[in-house]
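Labels run A, B, C and D following the written order; every chain starts at residue 1.
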Amino acid sequence: MRIGVLTSGGDCPGLNAVIRSVVHRAVVDHGDEVIGFRDGWRGLLEADHRPLDLDAVAGILALGGTVLGSSRVQPAQLRDGVERARRHVAELGIDAIIPIGGEGTLKAARLLSDAGLPIVGVPKTIDNDIAGTDVTFGFDTAVGVATEALDRLKTTAESHQRVLIVEVMGRHTGWIALHSGMAAGAHAIVVPERPFDIDELTEVVGRRFEAGKRFAIVVVAEGAKPREGSMAFEVGGTDVYGHERFAGVARQLAGELEKRLDKEARPVILGHVQRGGTPTAYDRVLATRFGWHAVEAAHEGAFGMMTALRGTDITLVPLAEAVERLKTVPHERYAEAECVL
Amino acid sequence: MRIGVLTSGGDCPGLNAVIRSVVHRAVVDHGDEVIGFRDGWRGLLEADHRPLDLDAVAGILALGGTVLGSSRVQPAQLRDGVERARRHVAELGIDAIIPIGGEGTLKAARLLSDAGLPIVGVPKTIDNDIAGTDVTFGFDTAVGVATEALDRLKTTAESHQRVLIVEVMGRHTGWIALHSGMAAGAHAIVVPERPFDIDELTEVVGRRFEAGKRFAIVVVAEGAKPREGSMAFEVGGTDVYGHERFAGVARQLAGELEKRLDKEARPVILGHVQRGGTPTAYDRVLATRFGWHAVEAAHEGAFGMMTALRGTDITLVPLAEAVERLKTVPHERYAEAECVL
Amino acid sequence: MRIGVLTSGGDCPGLNAVIRSVVHRAVVDHGDEVIGFRDGWRGLLEADHRPLDLDAVAGILALGGTVLGSSRVQPAQLRDGVERARRHVAELGIDAIIPIGGEGTLKAARLLSDAGLPIVGVPKTIDNDIAGTDVTFGFDTAVGVATEALDRLKTTAESHQRVLIVEVMGRHTGWIALHSGMAAGAHAIVVPERPFDIDELTEVVGRRFEAGKRFAIVVVAEGAKPREGSMAFEVGGTDVYGHERFAGVARQLAGELEKRLDKEARPVILGHVQRGGTPTAYDRVLATRFGWHAVEAAHEGAFGMMTALRGTDITLVPLAEAVERLKTVPHERYAEAECVL
Amino acid sequence: MRIGVLTSGGDCPGLNAVIRSVVHRAVVDHGDEVIGFRDGWRGLLEADHRPLDLDAVAGILALGGTVLGSSRVQPAQLRDGVERARRHVAELGIDAIIPIGGEGTLKAARLLSDAGLPIVGVPKTIDNDIAGTDVTFGFDTAVGVATEALDRLKTTAESHQRVLIVEVMGRHTGWIALHSGMAAGAHAIVVPERPFDIDELTEVVGRRFEAGKRFAIVVVAEGAKPREGSMAFEVGGTDVYGHERFAGVARQLAGELEKRLDKEARPVILGHVQRGGTPTAYDRVLATRFGWHAVEAAHEGAFGMMTALRGTDITLVPLAEAVERLKTVPHERYAEAECVL
């Protein structure tokens, strides 16, 4: 069998572990040949690839990033490229394509799969918002990095007697905010799924100070937004260089809380540090299992599917199901955390 | 409601997170009172306890160890103490007892539950061998510590051109060996569930050297044993001070492999470092959820049960079911790791 | 002897280690009594204090923050308070005061020392800019945190094919930028001591891309500024909430480099995470030695002095000398790093 | 100029950082050529080498191990090889040799230097026992790893109410024991420089239990030995496989203390994990500076010298001075730690 693998979308700890696992399982156990497409879908569309043998993946298990390179997928671009992709697959004698990526990538994978290409997807996102799987690799690492930062920030908030508003990743879902906030004992967690009420947040934080505490930590997902009418909120504002994310919710919340509570409040934006570097052991194991099972799926001809974790088992779910909707934080999880607004 | 909580058995990262969560949920949300028994079952048998309010659990979420102390449970001792336990529960007006512990603790919990005491167990073990739950808190931290050590040992093994036999915890099951070995890319993993054949292990390691590699890492669970007749093996031997574990399997394997391969082989015993210290974010979240749900179970009168993780949900399983058998590594997981003997 | 200790200024990993060491040395070895003033100089001015015995410092060696609380010193406020400080010292029978703090704190210490109060200072700053000592505790931790972040950011920069401009602490000196930049292999380091030329920086980064590299990491100290006339630069700008630091140099550099290089460039501001949390082993040892020697100095009557590291020895230097000037990065260190602009 | 570099002796975090720095400084700044000898002195004696350009050292700054390989030096072997070394140096047109290694390597370097070969040494040892330099790279990482382990072990010792005897590296000197013991707040530290008295150690540990504490941590360097007549001590004993270090001092101390104190006492041997893996930021900076200055020394013709840290400066000291004696822990450092026997 000849298998093509590619990584697409943003950086995510564990990508190299999947690549390595695919090669190990395919080459050693099945005697397959594996090639890697460079820079995600671009590599497929332009037939830009290189052979992946055991030497090519030696020592990459714990490395962040991706040895294959990546690029953001443009669905329209890909739509126009279906024919080219089909041609390259035929010319290269590819029997299965294993794209590793997030929502955008999996949507593209579905498109190609619907067009008849033999695809087994591997879900990837630090945000943990892909449906059909209990969790995605990269998430545990992101939560770990955020938690470690929160542990450090707590002592500073206390020494400086401040409110710190810590912005973590999560444009559409609050998974990282919820888990890192719970793990670090945050005093309030603000997630995109529940537009927040600034009066309520002020009260929650204010109550701590009334009870004699000298600091508070608020964890907020970057995609969090106020309930309509709750507070003036600069949305999608761009700075002088056109970067949208600088209208950051943490900055706005810090300003607002400082005014309302008459306490120093400062934003901290953890940023890219959450999505790079060495994966945790958890993510390496999950990524390795995904790679292994993707190769099995290819050999079984289970195309149009995606690897998924369900409990302790790796299973396959249809790509169609996975991309249908985002996996948001369910209501009962808010109650457990006790501090989700 | 008046709730008594206790921690019993060996150290395990996340114990304090459970205690804190029980107190938060019970005191803040239900208006309950919580007391902590000192040193596990001993505290219950001797009515040695202290009040646990919010201040008592402030700042302990990320701390290793247990603020309540622990002790190894002696089932016989406890059997004789049922009446005393019952009397203390009545005298102290306890409506629910939440013991946090491993196999031994949960067996004791079942005994007391069968005797009519109102018990909700919380499973704890770094070994991950308790049935009925996908995973236990403490396991992720143990795997993380072992993996970090393996990452470091790899460069040394390579520089010194050696075989390193790294012994990790796991008397009866190979969960830590399997996960840390997969996460670190070990070249062979030896687990208690599968008695190993020394010829086979020698061949696996030897093949690496024949292929031009200059080192090998073998991860072995402390409880691993050779297949009958496979090699001379000192079992349960005690050193001059009567410590059994010094007949360590890693030491014996290192000696044997060195002789057979004519390569330097050295044992490394990770030991206690795997079971203490700050829990990972994963374990803190799981421990917090377990504590929360144990309080809920108490309020619902779901006694004789234990909290458990199933997929992404926390559920309750009968204590009886949990202690019936150990949860061993299933066969299909060996295949995924590709290097389990 | 009766010793008063206080911590003043911003958070810094190792404060608790100094406090613990002072108490251990004074109480155990000299039979002294130690009291701690709350919230820095405020505690002295308001005679707000608490006894510090061995129990009070148990378990704090590795904790971030300060168990005594802190506050920013207002020199004027202190000047007016000299008489009050003198009176409290007399009333409380204090034989020596050990203030632990940065430049502002040590200036205040000198003021009080000149006024005749018995003071032995302990220098503290993550910025490493206090003269008279090779290094201050807190610096190693800050560099460690920044380096770990840079390690992670590198894989993301590469995957996303971007320039990342990483802003680290250092308003007046580039020590953290220099060391973390060297440790992580940054491609350019921008420090306050050398106003940068934007053309030169553009060229340095551009050369990497011309050489076929796909990313670049620039480390910039928060206090870095362009050479006059080099580029439009928003100084001391405040956002809508009056926070000065949001005119951040990293943000401005990212915008400018993106425009000039036609490559995606993004700022990452590490922020407070550099100044809190558990100290490294290095900082714990240094802090412990400082505390020990401060008590010795008090017993020798060496007032008006500050503990300092010189080579491998702890010595005493006059407070006057320490606060005379900031310790900036010397020229020969730029050459070693090879990428300091 | 043509420079040959080699790494010799045991693994040590920072070796790759030195190699990278030598290449960067030599190739980029001086236009030199650099070659690397494989496996230490063996590579020189057998003219086994490879070119080292910028690509060859890309991405190795933070990697543990050595890309050049290593081997233990056999002085006698080298003595016989002086002529061969001289011939290879001439044939390869080598203008300077930069060996990176510990005591054995530097003694060999001195031998070759005395024989007229152009050598600039770079000291390397996690043990920090090389004279002439304040510190060597690798030491900070080893202390960090040991401290992290001790932090974890503390909670376990407390939970289990035990004495833990933690054996760290240091055959001849107690630097790692002293620094990690101080950093982690050990209750007793046992170093090779001071043969211990078992009665005294028993008393120190016993006093803790009498004072109501429930655990104790003793840090012991592997080379520690009892004062003559103090206790029966198995020296240089070998196990059935001929491994000397299994007569480990920690194991013997644990047995002895358990008997004398009637408390559970357990040995933990940290082992190789202290000498491998990613270097700390401190070690990366020091290693980088050493590499840079070694190239400078070569260009200045300062042969027969070794790079050294003195305060904050990198200087050169004669190899003869460096290998004359081991740098042991000075007496005044014991007093500071307060718990060195």
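As a convention for this text, a contact is a pair of C-beta atoms (placed from the backbone, for glycine too) under 8 Å apart; a residue touches a chain by one contact, two chains touch by 3 or more.
As the structure is a prediction and not an experimental result, all values here were calculated from the model.
S.K.: Just to be sure I understand the contacts, which chains border both chain D and chain B?
M.R.: none
S.K.: Let me check something: if the centre of a chain is the mean of its CA atoms, which chain is farthest from chain A?
M.R.: The chain lying farthest from chain A is D.
S.K.: So, what's the distance in Å between the C-alpha centres of chain C and chain B?
M.R.: 41
S.K.: How far is the middle of chain C from the middle of chain D, if each middle is the mean of its Cα atoms, in Å?
M.R.: Roughly 30 Å, centre to centre.
S.K.: In whole angstrom, what separates the CA-based centres of chain A and chain C?
M.R.: 34
S.K.: Which positions in chain C are in touch with at least two other chains?
M.R.: 151
S.K.: When you check every pair of chains, which ones turn out to touch?
M.R.: Every pair of chains in contact is listed here: A-B, A-C, B-D, C-D.
S.K.: So in the complex, which bits of chain A are touching chain C?
M.R.: It comes out as residues 10-11, 15, 63-66, 69-71, 145, 149, 151-161, 164, 214, 239-241, 243, 246, 251, 254-255, 258-259, 266, 268-273, 275-278.
S.K.: Where on chain B is chain A touching in the complex?
M.R.: 20, 24-25, 28-29, 61-62, 134-135, 140, 143-144, 146-147, 151, 179-180, 182-185, 280-282, 284-285, 288-289, 292-293, 310-312, 336, 338
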